[in-house]
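These are the structures, in C-alpha cells.
Look for subunit A in each of the two complexes below; its partner is subunit B in the first and subunit C in the second.
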Partner chain A sequence: MAKFLGVVSLLTALLAASAAQAHAFLDHASPLVGSTVATAPPELTLTFTQNLESAFSTVTVTGPNGARVDTGKAQVSGNTMRVGLKAAGPGTYRVRWHVLSVDTHTTQGSFTFRVGGGR
Partner chain B sequence: MTDPLVYARFVHFAATIAATGVVFFVVLVFEPAVRGAAADARVFKSLRTPLAAIAWSGLALAIASGAAWLVLNAAAMSGEPVADAVAADVLWTVLAQTTFGIGWLLRLVLACSLAAAFVRLLAADADKPLWLEAAAIAMAVAFVGSLAWAGHAIGGQGVEGVLHPAADALHLIAAAAWLGTLVPLALLLGLNANDAAALATMRAATLRFSTLGLLSVGTLLATGIVNTWYLVGSVAALLGTDYGRLVVLKIALFLLMVAIAAVNRLRLTPKLVEDRSSTAVEGARRQLRRNAMIEASLGAVVVAVVAVLGVLPPASHGHHASELAIPVEASFQHIHTVQGMADVVIEPGRIGTATATIHLSNDEGETLDARQVTLTLTAPTPGSEARTYTAEHNDDDNWQVAGVALTERGDWSIEVDALLRSGQRLDLKAGIVIEAN
Partner chain C sequence: MLHQSSYSRAFALALLFVPLTCSATLAHCFVGSRFFPATLAVDDPCVADEMSLPTVTWSHTADVPPATEWDVSVEFSKRITENFGISVGDTFTHIRQPGGFVMEGFTNLETAFQYQIAKDSEHELALLAGLVVDWGNTGSVSAGVATPWSVLTPTFYFGKGFGDLPPEAGWLRAFAVTGQIGYQMPTSSFDPVAGVFIPQVLAYGGTLQFSMPYLKSEIVDLQLPDFINHLIPIVEVALQTPVANNFGNSAVTTGTINPGVIWVGSYFQIGAEAMIPVNADSGSGVGFVGQLHLYLDDIFPTTIGQPLIGGSQTVARKPSF
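Let's look at the complex of A and B:
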C-alpha cells in the first residue's frame, strides 16, 4: 500500500505542471481593437470567450494625455464587461483589462483605439 | 516546478471518490446483497470498521484538501501571495462572489451532512431506513457531481454552457460509483469464504457491482466523449498539445480498466457465483479481489491525471492567445478576419528603426503556412508613401522584417499580405500606434 501510494505520488509529481495559463480570451471589443472612431464613445464593451466573475475582473482606460477615462467599476454580465468612458478628446486611448473566468483562471491584455480624425 | 494546487486537487478528488464510494457501496451493493443472501448482521459487522475508516478519513481529507484548494485559488484569483490571500476579505469575496466559492460552501455543507449520515449508515445493524439511504445517495451524488462547477466545464456559451457541466457532473458521479466501490468490494472479497453467509453475500454483491460497473462505464464513455469534444475539439489538439496527450493517457488507462472489468464480468464472476468446485470458487474470489485492487490503482493514476488537467489550459481554448511574447516597449496589433488572423509586433514601437514580427494563424489558432509574406506601412501624414517590406520566415513559425523605418509618431496603417501555402491570399489591414521617442 505504501509503495503504491509512493508510485502514485511520484507520477503526480512528474505530471504536475507549474503555472496555470489564461482561459478567458478577448473575443472582440467595441470600439474594435485598433480601430478609429469619429467621436468619443460613451462606453467600452469587451466580449470574452468564457463567462467572467465580476469580483477580480477589472479594466482601465487611459486617454490621449494618460489620464484615466473609465468611470467606476466595470459591469460584468456573462461573458461581457462594460465600462463607461469620459470624453477626453481625439487621440489614442489605451485599454488594459484583467479578468477572472468562472473556471478560476485570470487573463490580461491590452489594446488601443483612436478617436477623431487626423493626428 | 510542481504546483501545490495539483496535489490539493488530487487529494480532494481521491478523498471525495473514496467517501462517496462508501455510500454507493453500502446502499447499492452491500446491504441489498446481505438482504438478498439472507445473511445476518455478522457479515455487515465484519466490514464495518474498514468501511468506517475509509468514510471518515475520506471526509476529513476532502475537507482539509478543500481548504487548501480554496486558499490556493484565492491567491491565484486575486493575484496576492498566499499569505495575504488568507486575509478575510479576499477569502470572503471568493466564497460569496465566485462560482467556485459558492460551490465550495455547498460542498462543505454536504460533507458535514454526509458525516451525520455515516454515523447511522455504518451502524452495526444491517437494517437502515429507506429515507436515510435515499438521502445519503442524494448527498453523495451532489457532493461529487458539484465538482463539475469547480473546473473547466463551466463558462461556455450557449448550448455548451448547459450541456458541458451536465455531462461533467454525470461523469464525476459515474467515476465515483465505479472507482469508489472497488476498494470496499475488494475488502468484502477478502472475508473468509468458508463461511456460507459470507460467500453468499460475496456472490450477490459481485453480481450487483457488475451491473453498477457496467452502467458506470457506459456513462463514463458517453460523457467522456462530450467532455473531450468541448475541451480538446480536434485530433490535432489531442495529439499536439500537452493537454490533449494527457487526455490520451487518461483514455488509455480507462480502456485498461475496462479490459480488466470485462475479465471480471465475463469469466471470474460466473465462476464465483455458479461453479460447483470450491477450489474454482476460491480461485475466482482471490483473482477478483486482486483485479479490483489493480483497477483501483489504475483509477488512482487517472485521478492524478485529472488533477493535472485541471490546471492546464484546455487544448480547445488556445483560440485567441497570441503566440508572440509581447515586449513592454513594442506596439502590438491583432488583426482578425474570417480567413485568418495576424499578430503583428513592432519593436520598439517608437520613432526610429524597428523589427516587425508577424504570426499568422487560422480561426482555430493553428499556424498558417505561407510562401511569402509582405508588410506594408503607411505613415499617418496624409499623402505619405506606402513602404513595402518582404518578410523572412524564421524558426519560430514567425515572419520577420528588420530595419522598418518609423519616421513619425501616430496612427500608422499596416497591411499584411500573405500568399498561403494553400494558394489562398490573406490580406489584412489595420492601424498600429507608434509613439514618439
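Let's look at the complex of A and C:
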C-alpha cells in the first residue's frame, strides 16, 4: 500500500508541476448550439475553454441556401472568436469551427442554429 | 516472496517512466466530433497515451458461500507511433473466504500491442486490432491468483458514433457503441495442480453510451449545469464463453452487465459502475468498479502526450464543452 501511495503522490506532484493546458473546447456559443432565434444575428461568438492561436483558428457559417454568410476572417481575442454574419433570412444556419489552442492542440466541431420558423 | 515481487514491479514501472518523461506522448480516443471515453470493462477502440490509476473492483465470487474479492489495478498506455501503441498493466487481488482465509497477490503482468486500423471522422468509426498477452509466472502463482502459463488473446475492437445520422434524429446522434472480441489461447492445455483442462475462451463485450458533451456541443445546448454536461451515462457488457479444450469444465457463459456513468474532464475522467453478474456462475450479488483515468496527452502535451516516433500526424477532434 505504501508503494501504491508513493506512486500516486509522485503522479500528483508531476501534475501539479506541469503547466499543462488541454484542448480548446467550445464553452458556449451565441446564438446557442441548436437554438432558434427570432431574427438573424449580426455576429456569431464562440467562447472556448483555452486561449486560441488566431492565425490557425477559423470559423465558417453557411445559411439556409448553403451559401456562406460569414463576413470572412474571424477576430480572435484570448479564448473568444467573433465573426460577422450577413443577413440570409429565416432557416437553418450551420457553423463549422476549427481552432488551435495555445498549447498546439487542434480541435474542431460543427453545429446548427435556426432563424425564425424556417427549415 | 510477494514483497520482492511487488518491489521488482514498482522498480520496473519506475524505469518505464524515466525515459518517457524525457521524451513525449499521446491522445485519447477522438474520432471526428466523437470522443470515446476509456471504459471500465471493455477497452476503447484507440491507441492512446493514458493511464488508469487506479481501477478498483469489489465483488463477490460465484463460490458457495461466496468470497469477497477486491482488485486494484493500474494500466499505462503509450503510443509508439501515431497508430501503434502498447499497454502495460497489473492487478493486486485480495480474496477473503467466509471462514477468514485470505488469498492475495499480483495477477500476471498484462501487456497489449495494438494497431489503429482506421479512423473515419465523418462516420465517427474507429477500428483497432491488438494482441493481449498475460505473461505466465509474473504474478503470485504460489498464492493462487496467477498462473504459470501465459495467455495470448488476439482481439478486435471497434467504436461507432451516431453523429452521422440525419439532423432529424436529434438526440439519438449523441449515442455511440463500442465493442471488442478476443480469443484467449493459453500456452498450456492442462493444469496439473488442479487436474483440469485449461479452456480456450471467447472473450467479448460492448458498450452503449450517451454523450452529454456531444449533445451540448454538436446538437443542442440545453444550458444544463456544467457537471451534467461532462457526463457520459453508459452500460457495458463483458462476457466469456469457453469454446475449446473444455473437457470436464462448465461450458456456461459468464460475465457482468455494468450500468454506470463516466465524468469526463479536460485532464482526467472518473468512472463508476455497478457490476451485475449475468448468472450464478458469474458471481453473487451486485459488485462495483470505479476508475480514475488520466489523459496524458493533455497533461503533458509536449512530452509524454506525443508518440515516441513520428509525433502526431492527424488532427484530433474533440467534443467541446
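Assume the second predicted complex is superposed on the first by the 95 of 119 C-alpha atoms of A that agree within 3 Å, B and C clash if a C-alpha of one lies under 4 Å from a C-alpha of the other, contacts with A are read in each partner's own complex, and residues count from 1 in each chain.
Going forward, a contact is a pair of C-beta atoms (placed from the backbone, for glycine too) under 8 Å apart; a residue touches a chain by one contact, two chains touch by 3 or more.
Just so you know, these numbers come straight off a predicted model, no measurement behind them.
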*Mind working out whether A:A29 is in touch with subunit B, subunit C, both or neither, as first, second, both or neither?*
second
_Winner by number of subunit A residues touched, once subunit B and subunit C are compared_ = B
*When the two structures are overlaid on chain A, which partner does A:T112 contact: first (subunit B), second (subunit C), both, or neither?*
both
*Does the superposition put A:P64 against subunit B (first), subunit C (second), both, or neither?*
neither
*Of the partners subunit B and subunit C, which touch A:G84 in the superposed model: first, second, both, neither?*
neither
*Using the superposition on chain A described above, determine whether A:D103 touches subunit B (first), subunit C (second), both, or neither.*
both
*First, second, both or neither for A:A55, with subunit B first and subunit C second*: first
*Please write out, lowest number first, the residues of subunit A touched by both subunit B and subunit C across the two complexes.*
4, 8, 11, 15, 18, 20-28, 33-35, 49, 103-106, 111-112
*List of subunit B residues in touch with subunit A within their complex*: 1-3, 5-7, 10, 73, 76-79, 93-94, 97-100, 150-157, 161, 242, 246, 297, 300-301, 304-305, 307-308, 311-314, 317, 319-321, 332-336, 380-381, 410-411, 430-433
*Which subunit A residues qualify as touching subunit C in the complex?*
3-4, 7-8, 11, 14-15, 18, 20-29, 32-35, 48-49, 103-112
*Write out the stretch or stretches of subunit C touching subunit A in their complex.*
6-7, 10, 13, 21, 33, 51, 53-54, 72, 74, 167, 216-221, 223, 266-267, 294-295, 298-302, 315-321
*Give every residue of subunit A touching subunit B within the complex, in rising order.*
4, 8, 11-13, 15-28, 33-36, 49-51, 53-56, 78-79, 92, 100-106, 111-112, 114, 119
